[in-house]
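Below you'll find the structure I mean.
So that you can tell them apart, the chains are marked A, B, C, D and E in the order they are listed, and the count of residues begins at 1 in each.
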């Protein structure tokens, strides 16, 4: 049997489980044997594991093509079977999932390779060589989890991967858990990881509710049966509920308003992580989920509109913040949020192809940007080390700690890096232009498609177009700002002067990505006879009208982008920033810029509105209610002391006590009897006799007068 | 061999060890340890034979021993032991956790080891008896009997506040069980038998009386579980108990409460169970949220884990009172899961405590770097406790929430919806704990330990051996829970049928 | 007057014991002072002999002395129980008296007399005999309570017991007078017959029965007639306390059972609530007050009050034929359980008591778990049994009792019983806590008879805890004659 | 009002007065003497009620022997009067209250509820209550109680000896 | 003829006075005497009933009560004497070492 035969008969579909198990194998190998392997070997194993998954993805895509996109499900294992609840682990190979697989494993592999170089240096700067291996273990685990996410055939499997990638995200953000982003000893990175996990969990909570609602109304969690049942009995309330619950999940995972707050902090992770997880793959899972649930979303317009608006608002909101950031990665992070907003807006409007298209191109150019930023930061670090130690002596840990804090990611410390890091510069430029949406870079095509969709559907989704256009403008502006600040002007620090270019192991994958960023638009060119991605996805989401290029929209957006870059040149390029000079925007924008700089105080708002009240509540519940009230007061004081009191009261015989009280009141002997009270303990025969007589009188009284 | 007698053998086999221990000199610590461990391992072995002979497809009681015991006047008390789907997993959990807990004591318990082991094995007898007794009186005997050794375990080998904690533990539990005793007596006298299967078959208890009986049983079990707001004894008992005691307390003893619900409350008083389902579910939800929030604010590791138990067992209760098969099966599986995860957590906390002698969060930090194996294992267990998919906790929580969400008896999805918040909160407090201990820069404890002349070390081989079996099951149940559900399913389906009948 | 064989047979054990006691008084004169142990052995022999006679009477029924006394299953059961209690009482006293320097032969004679009085009480079927038996059991106890005088507070115990005993005796006498006036009879059967025939003055009879109840309640230490108990139990020599706590209680309850179920069944409707309230009060006060005690003798005294309350629960059903038989059987069973556990715990108290009267505080038990694990284990068993925790006789006893109360639909009483049991756990556990969880070096006395007592009692408590059926069957057959 | 009744009332007044005298006398000797008087008065009642034997016993045993013993002890101990003590202030009022309640109950019992047969029957036979009738009964029907009493007296004797002898030997050995 | 009620009433009064004595006096001897008065009151009732019922049982009972009283007196006085010897008092309020 030759290759094409195997493809045609669907034999390759049986390979689907390998998508998950190859990365897992890599992970296990590194986990178990990695300790004795060299860094290169570890990196190679991990990259191979990821790469082989890419190969499998390609094979699957090829086979799928050969069978004309016919959906294939590959049952793998029974998971939970209770009554009508039938949950299996089944792989789903369709045109949508293969796109995701390709993007994930493809970009993933490149980043693995890049990371070999990056982490080699990073662990040395941070003085913990042993952690090199751990990074690749986590990275492989991430690929496996992401594969589960995109290849699952039911909402639950999707959820499994969904949570799994959340875990990896947590682990990788907190990879340098004993530092902060500046390399100082701190819990900051760990906190960032925790924040990401928890914000994601909030989203997962919504997702879970969506799953429950789905199950109890449609009796299944398998995609096709759910869609079938939903279209058969389209109950708008139920479907709205499901889709909106799901939306909570999407906002969490894809960093949309209001749950996006974790993503900027997630930049605490090593740069490859930011590129892979927090730009290219994991964060797009929400987009994938919406596309996957397209049959549901298309049934309820109001829910779709909410999705679209959330996306659009996020796109603009995050873009404004990006304008005010100084950290090179933070700018990219907010840019990512913004771009995710584009995608979410697109899929919300039903422009699934556009959304996925942008997802793919964004994966390329944003990964490129992040990795280049990583390269820049490392370059700065190298310069920094060069200055600090003369000969780059990494082992002198003590000296390391005593240094003044230096932030290698702060753009204000850079300037004119074009000279020191020419390769990186050109790569970065490619990414920037793609992101800014300049013709003919990849971003241009995908963003334009989204804008076009928004324009076309403006009557159903009012406002989306304008928000997105504005966001696109801002995007070009802040990218321009970044370029001018980083690569042009004068070096603002000594370090910048000594920055060094990165080795090929890092730059080569970047080049591949750069190529993709430049030509990625070819995936779905808006001309008749192309629309390749659209046609490919038709197998899964049904027929989509391939939109032609709308010169109006494209023109406006291009003009806007160029204008933005021009403005940025005016502000940052023409008169380069001096050392210690405040941002030129600060003056004209005033408090607005303060807001942008400070991320609109959202974190502070969360702290004031959510975290502090929660901590107060927790404190109240645990210290006041549970411990002081419930444990100490109720148990010890009320139960125990009350009981003791009763015992004491009764042991100074109860009748005596009562009599005593009555007598005291009646005769006002209180003062005089204080002495006798003391003596009125027990031990008096006569009192005992009194008790007996009291008993007699009571019993007789009861019997006679009852 | 007559397999019908296996339940008795499993239950009483630890007594063999007790007998041997009586004749060993207390000074011979090594022998004491090995005898106890060997006994508990043998018991586990026998329980595996029991499992092998257990017909999972048969929903009825199996391997029954039913002998008249006290038949005087109008009391028909029998020695009635048997195993079915409701109990088989818990029996295995008990026999499984006991050797692990015993192994963990080898370095933790230093004085009166012989007594410790004797009490521990006796406790195992009591626990196994609870899960196998099918006669109410017999059940009560075992139930109360477990109090005694646990009381000693906490009171003699516990922390500084051990006496307070042990008495509180004893009194709380006894308070509930005495009311249960009255209910048992009512049933036994008015129905003419104490045998649970016969009582179920007889049925016909008027709904009004069912309410009272249900309450009497429920209070006893709810204290044991413990359901909010009857949980006040738990933090004390857990914090003060020695590690092995905490493991068994969290792993098995608390399950006696939830088991009691599913074994007695549901089938004996189905109408009342249906009636009370929303209330019980409501309390469970409060427990889930409350336990989680309170956990978050703890500064003592053990206390945090203790409070988290309140939250976790809230899930179990929610599942049981969903009164549908997803909920109940999930609930039962979650009992096992909680036993494994929380048992493992307590073991791990104990291991670090042995080195540092403190459980105060504030002095910890950055241990992952120093103790990578420990950190990794703890991470897995923490995640299991949080209910991460792929690990055991998720399977239980998911099925429970799913069951509760659509439960006809509870009647509203709100309960499950609110409980799902518990999933978020679990992440918050568990990660908080993990971060405090393992992440961030090195805490002051590293220096403190160094000052005492020895550095922190990673887990020893014995410790890894102790914890590994738990990890295996954490993954196994998480990835492939089918065999576990298969054991429970037929019996639960029967139970659900009874409850469905009561509902309509 | 013609005494028949039946007369003698009916009262054979009592007579044998009385004669033996009188003889012992004489023999004792010839036993040298340093050999008073012989008197103890002789007393034991007398008790053993009497037990033999009693055993031979199992299943026999007769009456004698113009139906003043009867012999039936009930009386035989109680007699044996009393005689065994006597045996244990002597085994406790044997070394104690020597140690405390109060060893005198009269001790044993007085004990035998008291036992004879108790047995007579169980057999009496005429109020006159009941009264005399009550005095016969009480007077030696007054003396025994003060036996260690002037050591410690023995004298005080004696005089308190005496004055209050006489006081309550006055009520019994007046009660009997009223009953006699109401029914023209003092025979139990005659009283019941008069009530049945309608010739009786019911209010007078009711008042009389209430006064008689007061007398018995005093003897069994029911609230509010209990107040002598802690003082007397604390002050009296410990073996006397142990004997009193068991014997007097058994006899008091035996008489209560016989008199009330034979003579006053017609008054049950009126008296049952009184009994129920008494039982509840007794359980509450006994248990609650016990909590704040620090002296073990006092604590056990309150515990004994509390247990009187439990046993009283068995009577609330009296007069209701459907349930009273099992209820009273449960009461008797509980008596046995209580007596056995009681002797066990007191013997350990004796083992720790010092010559100077020290060693009686709870704190003195600290560390017993380490220094004498076996004894601590036995004590733990006794405490568990008194609390009603398996695997002990106490649980079975409570189980029977509560089920009887529930069968009588007295749920509130059952709940009071249950809640007070919970309270009792608190102070019983404290003993265990102190023994095992506190440090100390208590010195214990190792004396064969004493050791035998607590070891045997611990064993029996556990064994009967597992196999209570035969004992219960015997108890329920025994009470059949009463109905 | 018959003579009997008048006699009864007078005697009753005396009996109550002497009883109160015993109760209220500060001096123990007076108390004892009042009690003797009371016993004597009661003996007259016994005669009135047709119980001559009991009346005689009352005078000889009770008033004579027992009360003399009391007097002996009072004199022996020299405790005619106790020093005024404080303490238990509430005991007296409570006792009075209880006594009043008890009185009410007794009245209710005796006069209100189903009153006891109104009249004392005339002595049916001359010998009713005489030594002979009593003696015959004692040695037939009441043989057992009689014997028990003898044992009781023996026990009391032994007890009294034990209690006092103990002291004489110095208590401690 | 005097109604038996009157006798019973008298006996009740005496009984109550006796009981009062136990309750209010502090001298052990007087307390003891009060107990004797109580017994005596019971005797009056018994004899009265005996006469009313025309049955000698009551009188016999009185006889026994007297004997028992004698026995009690023997023991009681011995106890009082013994206590007096060690405490030098027969004030019952002072005999209260045991309490609580």
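Here, a contact is a pair of C-beta atoms (placed from the backbone, for glycine too) under 8 Å apart; a residue touches a chain by one contact, two chains touch by 3 or more.
In this text, all values refer to a predicted model and were calculated from it rather than measured experimentally.
Asks: Chains touching subunit B and subunit E alike, please list them.
Replies: Common contact partners of subunit B and subunit E, which must touch each of the two, are A, C.
Asks: Could you name all chains that are in contact with subunit D and with subunit E at the same time?
Replies: Chains touching both subunit D and subunit E: A, C.
Asks: Whose Cα centre is nearest the centre of all Cα atoms in view?
Replies: If we average C-alpha coordinates per chain, B lands closest to the whole-structure average.
Asks: So which chain is farthest from subunit C, going by the mean of the CA atoms in each chain?
Replies: Comparing chain centres, A lies farthest from subunit C.
Asks: Farthest from subunit E by Cα centre, which chain is it? Let me know.
Replies: Result for the farthest chain: A.
Asks: In terms of C-beta pairs in contact, which of A-C and A-B ranks higher?
Replies: Of A-C and A-B, it is A-B that has more C-beta pairs in contact.
Asks: Could you give the separation in Å between the centres of subunit A and subunit E, each centre being the mean of its C-alpha atoms?
Replies: Centre-to-centre distance between subunit A and subunit E: 93 Å.
Asks: What whole-number Å value describes the gap between the mean CA coordinates of subunit B and subunit D?
Replies: One centre to the other, that is 70 Å.
Asks: Could you work out how far the Cα centre of subunit C sits from that of subunit D, in whole Å?
Replies: Inter-chain centre distance comes to 30 Å.
Asks: Can you compute the centre-to-centre distance for subunit A and subunit D, using the mean CA position of each chain? Integer Å is fine.
Replies: 99
Asks: Residues of subunit A that touch two or more other chains: which are they?
Replies: 651, 682-687, 689-690, 693-694, 696, 700, 704
Asks: Which parts of subunit D, given as residue numbers and ranges, touch two or more other chains?
Replies: Correct list: 87-88, 91, 94-95, 98, 102, 109, 113, 116, 142, 145, 149, 152, 155-156, 159, 161, 163, 166-167.
Asks: Would you give the residues of subunit E that are in contact with at least 2 other chains, written as numbers and ranges?
Replies: In subunit E, the residues touching two or more other chains are 4, 8, 18-19, 22-26, 31-32, 43, 48, 50, 52, 60, 64, 68, 71-72, 75, 79-80, 82, 85-86, 92-93, 95-100.
Asks: Taking all chains into account, which pairs touch?
Replies: Touch list across chains, by label: A-B, A-C, A-D, A-E, B-C, C-D, C-E, D-E.
Asks: Quick check on the complex: what are the subunit D residues that touch subunit A?
Replies: 86-91, 93-95, 98, 101-102, 105, 108-109, 113
Asks: Which of the residues in subunit C end up touching subunit E in this complex?
Replies: Subunit C residues touching subunit E: 128, 131-132, 135, 139, 142-143, 146, 149-150, 153, 155-160, 162-163, 166-167, 169-170, 173-174, 176-178, 180-181, 184-186, 230-232, 234-235, 293, 295, 298.
Asks: Mind pulling up the subunit A residues that touch subunit B in the complex?
Replies: Touch residues, subunit A against subunit B: 77-83, 85, 128, 130, 156, 159-160, 163-164, 167, 170, 174, 177-178, 185-187, 190-191, 193-194, 197-198, 201-202, 204-205, 208-209, 211-213, 215-216, 614-615, 617-619, 621-623, 626, 630-631, 634-635.
Asks: Hey, which residues of subunit C end up touching subunit A in the complex?
Replies: Residue positions touching the partner: 159-160, 163-164, 167-168, 171, 203, 206-207, 210-211, 213-214, 217-218, 223-225, 227-228, 230-231, 270-271, 273-274, 284-285, 288-289, 291-293, 423.
Asks: In their shared complex, at which residues does subunit D touch subunit C?
Replies: Answer in residue numbers: 109, 113-114, 116, 139-145, 148-149, 151-152, 154-156, 158-159, 161-163, 166-167, 171-173.
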